[in-house]
Each structure stands twice: as structure tokens, then as C-alpha cells.
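Should a chain be cited, it is by its letter among A, B and C, assigned in written order, with residues numbered from 1 in that chain.
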Amino acid sequence: MSRLEGVAVSVQLGGRTLLHELSFQVGAGELVGLIGPNGAGKSTLIKAIAQVLPYRGSIRLEGEPLERIPARERARLVAYLGQDDRIQWPIAVADLVALGRHPYRGSWWRGAGRTSDADRQAIESALRATDVWSLRARASDTLSGGERARVRLARALAVEAPLLLADEPVAALDPRHQLEVMELLRAQAHQGASVIVVLHDLTLASRFCDRLLLLHEGRTVAAGAVETVLSADHLRLVYGIGAVIGEHQGQRYIVPWSCTL
Amino acid sequence: MSSRWVVLGRHTGWLVGGVMLWVAPVLATTPLPSVMSTNLCADLLLLRIADPGQIRSVSRQGQDARISPVADQARAYPGNRGGVEDLLYFKPDIALVYQGWMGRPHAKRLAGQGIEVIALPYPRGWDEALQTARALAARLGRAETGAALIEGLERRMQALARPRGAGAPRLLYLRPSGGTAGQGTYVDDLIRRLGLRNLAAEQGIKGWGRFPLERLVSAPPDVFLLGYFDQAQSPARSAYGRHPRLRSLLELTPAIELPGQAWGCGGLELLEVAEQISAQLTAIDQTRSRTPSP
Amino acid sequence: MLTLVLLLALSLLSLVSLGFGEAPLSIGEVIAGLLGTGPETHQVIVREIRLPRLVLAWLVGAALGASGAALQGLLRNPLAEPGLLGISASAGLGAVLTLYFGLALVSPWMLPAAAMSFALLATLVLQALTRAGSNNLTLILAGVALSSLAGALTALALNLAPNPSDAQDIVLWLLGSISDRSFDDVWLCLPFVLLGLALLLGCAPLLDALALGEAEASSLGVDLVHLRTRIVLGSALSVGATVAITGTIGFVGLVVPHLLRRFVGFRPGPLLPASALGGAVLVLAADIALRLPETGREPMLGVVTALIGAPFFLALVWRSRRDLP
């Protein structure tokens, strides 16, 4: 049984149907890439799984319907990294990342403010893994876009959840950090987590993801191995582009080249 | 001369003389000026002094039984709201207003219409009240009636006057807002005439000031004079009056309660108030002497 | 550390406040009066006249400070506070309607009840208006509209009221005062303020997560509906109950969180209890300041807080004018 299973998931918002009876599976230790053009429904699907949007159909984590798991417990099982990167207050980076331990804090009368050793370790490893350890005392409003993206990812990693949902985590990053973050996500998957990541960069998707899920207008166009999903036909059909597809060191790269009619 | 003509002439003389005697007073006097008053205090004075035939209009306040002691008397006349239009409508010879009357800029126009606007001063004592009354009576052509009235009031007031004794009780005038009457007010004047001590004046308060709650605790009066406590209070401004400490003080200390608008104007009504205070004080003294001291 | 400093300041100012008054009591006499070891008059003065004023200052300050911090955390907007957003003005409207139209005669509890209900109404309206993200412009406009409406209705109510009232009453209500109050007034608002504060302070740990945005906060286990309800209720209860007794006092909920933010690492959670204490300190300081001049007439408490708060607000706006849309 796969760790995460979605059956006939539909999302309607403001009278429009954003997802049409989507079904998907994510196993333990898998890094699944969610790709598709703008408006395909990728963020919608991620939000539905994160229980941020209401949906019809069933999404089960280890066989348990996600909506039935109590919020506190679910918070330890599902870590969500959204697209909106606005952080309201100039909070120190370390404190921001520490928010990822929120699901583990005791009730307020049992000393909610205290950080346990497990908390400290999780926070430190998250800070180091995302290469923001040197920034840990900086205020969040002094960070560059890329630094902020990494800090937020660190916050999500600090949760140490078996399921990690990341909505375009590398969009604001420079090439080096893009590679580092994708390596990081793959490492998380290898350690046993299930990771779903929304990507626009097709090369990154092809190189790092175990499986891909291609969405178009709220429906699954293709799901499965990278070669099958990222075929020239699919690219033309779904993205409306012609691409240069090649291979380097046993991994595929896809360079969007031209617009098709 | 024929005696018949002499007799006729004499009779005619008597007839004419008689008629003249009858007509003369009417011909000799000019008609009294018509007058209207535009606020309660002016109403009180006017209704006492003027001839009913002179009065064109009284204020609506004066006709309001809730605040006017002469409401019944006032309702015999048409009411006005004290605006310039009212003056122009009723067109009296004299209009009585208060010192801060809003229509002052229109005084010239009103004078042009033949209306004389007289602003009655706010009295600072009994003597001033008498003075104002005398002056107004003269102006209204009622000098004699006015003088007689005022003389009578003066005599009654003098009957009440006492020299201040060494052990005279200390009175404190209080309003629910914490306001009191210090030196230079007609309340203070009255208290001194009755031979009593005004606590507010002794504490150095001049004019219409405030008596702080704390001072009330450290230097309480012997007798309270409560003004406006019987009327419905503006809740925001009567927090002082609701304070439990004041309430308990009022229960323990003798208090003379005066009906709301009894003396708000400081005019001739002060006499009746003085008589009331005097009477109540005697009653308090009697109860005190009757109850054996512990 | 900050808590300690604030508590110290509060204790010091409390002692100073008790030392202020018409009767010239020395600090020793004040303490003797407080503890009950001094002469009876001193005890009465300190316990029945000065102490209620002090306690009321604590309650008002804590209520305004805590709800200001809570609203700023919830709406993720540094300009949110009960005065600016019209919550205090609405509570004042409720209080005026009760007092001046005879409803308070039914029961003295009608007064805080009406004020709290109107405060609740205002908070709900604000919530509805700023659901889809609250940028500064929407929030300020909503607050100004609500404030003006409530203020105008208050003035109108006072004009039409069967009980006597005039312009001075309007001033008293819109500018607030805690003088001449007794413990009767304190008991009338105490239970609600304590309840409201408890509701608000319990939200503190949840507000930190909200800095990440509603979606991520919700994924961290924060029940947004629950949080919103608590803050709305807590603010309505504490602010409503105090406004019923003192009239509207503004700017405390704006100034205090802003001043203390840097000392709590800008985190909305720890800011809540700190703002409660800081609010009490500020209101107490203002109340002492207005008693400093020797003239017999005291300015209204709301005037002093406005004199502190309005320039502060201007400075805030000036500094962030680049960010405002």
C-alpha cells in the first residue's frame, strides 16, 4: 500500500472546478514531481492534500483519511510549504524555523515556551541542511528572496514529517541553491519521507524525481516514470512547446526551445 | 346774571371735574412697556414684578413643570424658545435675555425694530439680586409695586440674618458632579447671612469649583446642602454622586436637600430657600438636642 | 526579562499613583492607609478613592494592550488596535444607549453587557470586511468608517436621550476618564476583563505560527476558526467591559505592542502578555501625568493617550509610506 493515496479528488472553488476526480499515489521514500502549465491545478492539489482547501473524494495517509486525523497529529505527519513567501514580522531566522516544531509543543500550561532537545536537534539540522545556519540570527526582512525560500524550507523540514508537500520551493533560487534544495529533497525521500514537489523546471523534475505527475486543466495527463511523462508529445500537448531533450551522465535534460502552434 | 346759568355752570364744572378726575390717571400714565423673557431665570423675575398685561411671552423652560417652579403661572402666556425670531415675532418693547445670549449680534437690528434687549446679570449675592429687581421694576414702569415687593423680601431676609457664632455649623453645598459653591457665589453669600460657615470657602475654593472627594473624607461638613440630587442625572457626570463613600457620608451626616431648580438662578427665590434652610437647620438642631449624646 | 522590567515599572507607578491626590499624604501614610495600619481617614482615602482608580487603570491598560497585540497578530497588521478599528467607539455607543435610555435601571449588568455586545458586533464586521487578506488600506478604511459611525451615533443618542445630557457628556464618553470611580465600578467590569484576558493570553502560542500565513499555520495544527473566535470574543469582552466604565480611550493598543515588539524578537506570541503589562504601565503613566498640573481641572485620560498615540501613529505612517498602496 502506498503511503499517500488519493482517489477521485475534486476541488471546486467559486463555481469553477479546479480538479476533476484526480487519483494519485505516493509511496514511502518517493520524491514525486507535480508538473504542468500554470493553472493546471498543481497548487490546488497540494493545498487539498494539506487540508487547506476543501475537496471531495478521499485522501488517505497510511490508510487513514487525512481529514479524520486530529489537526495536531496531522501537523506532525504532513509538512506544508506554500507558495506565499510573505513573512509578516521581522522575526529571527532561528525563531522562524523553530515554528516548525509547533506541533510538538506541550499545552501552554506545561511550558509551551520550552524547547526540548529533540526540538533543538531538529531545528539545527534543518538550518544546516538548507545552508542557513550562518543566517540564524538575522531578521527575516533582511533576507534575499532566495534566502527566505531556504529558511521557509528549513521550517518545513524541522517538522520531521513523513509527508512533505512543497509548492515551488526552488522558484526564487539561484542555480546552485536550486540544485542543493533538490538534493536535499531527494535525501529526505531516501531517509523514508514521501515528498511531493511542484516544479516548473523540467530538467530538475526529470533528474531528481522518482515519478512525475503531469496535470493539465485539473486532470491527470500522465503519471509514472520520467521518460514516459516527459515525452515530446506530452510537452507539445500540455505545454505547447517544442523542447530539446538530451542525456548527460545518464540523466535526461529538457530545454524548452520553441512555441508550437 | 341769571342764577339758573350759575347753577348749570357749577354742575357742569363738577361734572367735568369728576370726569377729569376719573380720566386723569388714565391720561396721566403712559402705557406700561410690553416685555417678554427668554429663559427661566428671567421668567421668575418677570412673573413676580410685571403686570400681567405687560407680559407678551415667557420661555418654554419656564412652562416646563419639571424644571420650573412657576410653570402653572407661566402657561397663561405664549411660550418662546429664546431665539431672535421669537423676539421679532412677539415684538415686545423690552426683551429679557441672559448674559451669554446667542442673539447679541442682532441687537442693532432688534433695536431698529423697537425692541430693547436687556441682559440680566448673574447675581453674586442677595444684594445684587435686589438691585437687579429694583432696576428692572423701574424699567418696566412698576417702580412702586416693585419697591413694595422688594422691601417686603428684604425685611424677611433680615429677619433670618444671624451673626456668625463661634460654633456655627459648617455647611457644604454639593452637586452630584462634585461641584460646589465657594467664595463669591450667592450660595456663599446666603450661608454667611444665615450666620453659618461655608466649608468650601474655608477650604479656599473661589467661585463655582469642585470639592474633591478626598477632602470630603478628611474634612467633612456638619451639614450638607444638596443641590440637584433629586433630578435625573447625566450618568457620565455624576460618578462623584454615586461614589459609595459619599453615599455613606450622606447617611451619617444631616443633609438639607433642596429641590432642583429652587435657586439655580440666584434671584429673589433665594429668600424662600433661605427660609427653608433656616427651618430645616432648626429641625436638625432639635433632633440633635433631643437624642441624648452617647 | 522584559516581564520583570514591566512588572517593576508597574509596581513603581502604582505606588506613585496612590501617592497622588487632593489630600497631602506622604508615601508612608499611603502605605499605612493601604495596609490598614494608619488612621481611618487615610485608609478611606487610599482604599476607597485612590485604589479603585489604580485598579481600573490596570484593567483598562491590560485590556487595551492585550487586545491590540492580539488583533495585530491575527490580522497580521501593525496598525490594528481596538481604538483605531472602531471597537472601542462601538462599545461606547452600547454603553451610552444603556445609560441614557434607562436600560441600566433594569440591572447594572446591562451596562457592560450592552458595551460588550456592540464591541462584538464591531469585531465581527471587521472580520467580515478583512477576510480575504487585510492590507493596510482596507483595514484602516474599515476602522475609520466604523469609528466615525459609532461616534456619530453616540453623539446623536446623547442629543435625543430622555436623560439630561449635553456636549460635555459627549466629550466625557469620547475621551474617557477614570476619576471618581469606586470599587462598584471595578466589580462591574472585572469578571469580563479577566475572562477576556484569559481568552486572549491563551492564544499567544498560536499567534507565532500565524506569521507564516494562514495556510502554513493551519498545516502546523493551528485551528484558525478557533483562534479567530477566541481573539474576537476576548477583545469584545475586555475592551467592551472597560469602555462601559471609563469611556473610549484610544491608541494604547497601537503604541504598546509597537514599542515592545523589538524586545520579544518581533514574535506575536510573547508580545501578548508583554503588551498587557505594558498597556497597564502606559495607562497608569498617562493617568499620573494628567494629575501633575496644579490646576483644579484634570484633562481627560483619552486626551493624554491621544497626545502620546497620535504623533506616534503619524510617525508610523511616515516611516511606512513607501509600503502603503
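As a convention for this text, a contact is a pair of C-beta atoms (placed from the backbone, for glycine too) under 8 Å apart; a residue touches a chain by one contact, two chains touch by 3 or more.
Since the model is a prediction, treat every value here as computed from it, not as a measurement.
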item	value
Pairwise touch network: line, ring, star, complete, or other	line
Chain closest to the assembly centre - both centres taken as Cα means	C
Taking each chain's C-alpha mean as its centre, the one farthest from chain B	A
Chain A-chain B separation of Cα centroids, rounded to whole Å	88
Chain centre separation (chain B, chain C; CA means) in Å	46
CA centroid of chain A to CA centroid of chain C, Å	43
In the complex with chain B, residue positions of chain C that touch it	21-23, 41, 44-45, 48-50, 99-100, 104, 163-166, 168-169, 172-173, 179-185, 247, 296-297
Of chain A, residues touching chain C in the complex	47, 50-52, 71-72, 74-76, 78-82, 84, 86-92, 95-96, 99-100, 102-103, 105, 108, 112-113, 139, 152, 155, 159
Complex contacts: residues of chain B adjacent to chain C	178, 209-210, 212-215, 217-218, 231-237, 239-240, 242-245
Chain C residues touching chain A - in the complex, by the definition given at the top	76, 202, 204-205, 208-213, 215-216, 218-223, 261, 265-268, 270
